[in-house]
Amino acid sequence: MTDLDRVISELVIANRILAREGVVDAFGHVSARHPERPDRYIMSRSRAPELVTADGLMVFELDGTPVDPRGRQPYAERPIHSGLYEARPDVRSVIHNHSYDVIPFSVTRAQLRPMIHVAAPMGGSVPVWDIRDKFGDGEMLVVTLDQGRDLARTVGEGAVALMRGHGCVVASQSIKLAVMTAVYTQVNARLQMDALRLGEPKYLSSSEIETMTKRQQTPLASERAWEYWRQRAGASDL
Amino acid sequence: MTDLDRVISELVIANRILAREGVVDAFGHVSARHPERPDRYIMSRSRAPELVTADGLMVFELDGTPVDPRGRQPYAERPIHSGLYEARPDVRSVIHNHSYDVIPFSVTRAQLRPMIHVAAPMGGSVPVWDIRDKFGDGEMLVVTLDQGRDLARTVGEGAVALMRGHGCVVASQSIKLAVMTAVYTQVNARLQMDALRLGEPKYLSSSEIETMTKRQQTPLASERAWEYWRQRAGASDL
Amino acid sequence: MTDLDRVISELVIANRILAREGVVDAFGHVSARHPERPDRYIMSRSRAPELVTADGLMVFELDGTPVDPRGRQPYAERPIHSGLYEARPDVRSVIHNHSYDVIPFSVTRAQLRPMIHVAAPMGGSVPVWDIRDKFGDGEMLVVTLDQGRDLARTVGEGAVALMRGHGCVVASQSIKLAVMTAVYTQVNARLQMDALRLGEPKYLSSSEIETMTKRQQTPLASERAWEYWRQRAGASDL
Amino acid sequence: MTDLDRVISELVIANRILAREGVVDAFGHVSARHPERPDRYIMSRSRAPELVTADGLMVFELDGTPVDPRGRQPYAERPIHSGLYEARPDVRSVIHNHSYDVIPFSVTRAQLRPMIHVAAPMGGSVPVWDIRDKFGDGEMLVVTLDQGRDLARTVGEGAVALMRGHGCVVASQSIKLAVMTAVYTQVNARLQMDALRLGEPKYLSSSEIETMTKRQQTPLASERAWEYWRQRAGASDL
């Protein structure tokens, strides 16, 4: 299996996992940087993640131009991915989602912060990007490179940013880490909402975030989670 | 496939989707204006939406009289549909549901408002209709044309109205848009309840509502969602 | 099919429905008065409701003595049923459950009240029974006839009572009505908890409760719900 | 079937049940003391509980050293189990989980307390252990014997302790009781969060905790629950 084969397989599985775990619904998408061409990325044609298949995967230039479209319709919001791959050479996978549990933190002053160790990879501070700040009142989708680049600046060197009234973006060093970060960002959001009703929660310290992010990236943790989510998603033989 | 065939197929699928997404339970119904006879509409005989089949669909005059009942029992609340098709020539599909997440907004002063872009089609202001205001204390079902017409006046030129202690009505320009509006009105209600506990949420502006409603109606969005919900509902080969 | 056959079939289906709808978990039970012997009632041997089968049904004297035990172990809390059948000749079915959504109302001063029309059969006022008030501090199960009779006095002429830190009892004129009342009492509890966080809810008036209880008991409503729940529970061919 | 065969079978089923009931996700583990060698315990190799099988079970010395590893990778946090088996000769099963409903009580001052009779086995007072108190700021996993022993001291003679921002540990006299305690601790946490929003809940008295713990341990209760959870987990023929 070549690196490319592996990336294709993982991308399809990642789509199924994100659907099964409720991180995406009809909308949302996950991409990976091309393993042989770092100036390109791979993402499905426009389809609900649960329905994504390998033959629907398309290759894009960094600016979002499809390399070999063959009549397939790409997602409108690929500038989210373009902006991050362009700004962050370390990023190898990007997820955009409308995770229901995360969105309340995008429209209020409550700040999403890691409270459980498995959510450490989301980082200490999750910024909120509001398209209205620079691009005016009306359009909420990220459909131009300028918008994608601006969103990428909000992500900065971090892993997660929220998009006001819209959703979330995750940028990671691998597909598996992106999936883990997206899933546990969602879990943390649900638990933080619960905890905030009980009192002021204790959040992870920066030292805990650093240490537990490394723990979550060990194969012992990341492969165990991937194997589990893959089976739950019915993707064991994909 | 004629327009009528397509409407019949979509109606059955819409029933299954609404059941699968929890928008309806044992109760609730979805109808469509007859594509060849705008003075008629099509809706299932009285049955839980999850169990609706094509051969249970009945045709009604605008006033709710069944055209060819053949002994089939219609829903008691078809005046909800009659009132809207009569008042709104642009309306081609109507949904009545008891969506659990929506109902708390029907019995309190909290106002249901779009907070996420995918819920833009519900419109900026969702009115609450209380049958008690004009029809007295006791009956809560909409069983007369007068009641249906009064409810339609509350909907006005909008897409959604709540019914106090009862549920919700959606009026749209197509079956697919009605389903999308009903599903995301429910999602928005759940997220708004969550967000209200975190602080005062930022709602969509009127310009955002207008722009994002158009976005949600493009085939890119509406067909992607329909294909997904249809598969989730096990209705791919219906 | 004799009346007895019908009751046996409905009892098994009722057990499956209550399990599927989350009204019962490993614990809880549903009984029916014997259709030919009003001084007896029928209930499963001690087993989780989801696993109940017709051949596990046992017949009991009104005082809870098994008529033909054949070594089968009955539920310990059958005095709940005994108390109600003895006190209320109109009652033909009794459900005891630990519905998770209902229990918070049993341990706080918040009063469970109907807020949605489909929950009208639960009645306007749901009392809370605390075994500690008369039977001392320690035992929380209803294991004596005295306890069962005391609980029945709290139910009075009503349909539902809560048991502090324990659960709920439903007494109805038929198995189908008992199931509907139990399911929608649970739904109402969840929605009332949501609504209470948004403000003071509008509850059903006594006239609405009366009118809508009748509506829910018409075959149009009760058979539609039963058919739906039965199919969801995978009990269509039981 | 020998005692060892029975323990092996119950351990595999316990893993499936905990996964099905949402007590564990990709992480968490359950162990049992070896029935013939009280100085040893049995636990799966590092794998998500839903995927655990009998041939992945490993035997450990009390200090966590694998007896016959054959290249299998054990869980990193087995000192949780070591600490409890060493300190508590009465303990025959230990569960570590990240139950989502329980975690908010680990990061706030709200105290998890039994409010429903089926949760009596969790005990009257659930302490919270914070690894930061003695082991410094950074590592949140229990990976040394010192840490495991310190956690065991927090559990003391009780059945449950929370771990700040991490999860929960359960120590019981049998596998079945450990599973019941873990499941109903989670249910109680969810209901207590709901109840706390309605007002100050009435908790179980110490006499009720004692009496109802015994009730839950009778075969009438414990076997009924086990049979049910086992079937729900699809583990009836394991």
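Going by the order they are written in, the chains are A, B, C and D; count residues from 1 in each one.
Methods note: a contact is a pair of C-beta atoms (placed from the backbone, for glycine too) under 8 Å apart; a residue touches a chain by one contact, two chains touch by 3 or more.
A quick note: this is a predicted structure, and the numbers were derived from the prediction, not measured.
Separation of chain B from chain D in touch steps, taking the shortest path, is 2.
The chains that touch chain A as well as chain D do not exist here; no chain meets both. Each chain's centre was taken as the mean of its CA atoms, and the one lying most distant from chain A is C.
Residues touching across the chain A-chain B interface largely differ between the two copies, under half of the numbers being common to both. We define each chain's centre as the mean of its Cα atoms; on that basis chain B and chain C are separated by 32 Å.
Here the spacing of chain A and chain C, counted between their Cα centres, is 46 Å. Touching two or more other chains at once are residues 197 of chain A.
If you draw each protein chain as a dot and join the dots that touch, you get one closed loop, with every dot joined to exactly two others. Chain pairs recorded as touching, per the definition above, are A-B, A-D, B-C, C-D. Of all residues in chain C, only 25-27, 46-48, 50-51, 73, 76, 98, 100-101, 103-105, 107-110, 132, 137-141, 164-166, 193, 196-197 touch chain D in the complex they form. Listed in rising order, the residues of chain A touching chain D in the complex are 115-118, 187, 190-191, 194-195, 197-205, 207-208, 210-212, 215, 220-221, 224-225, 227-229, 231-232.
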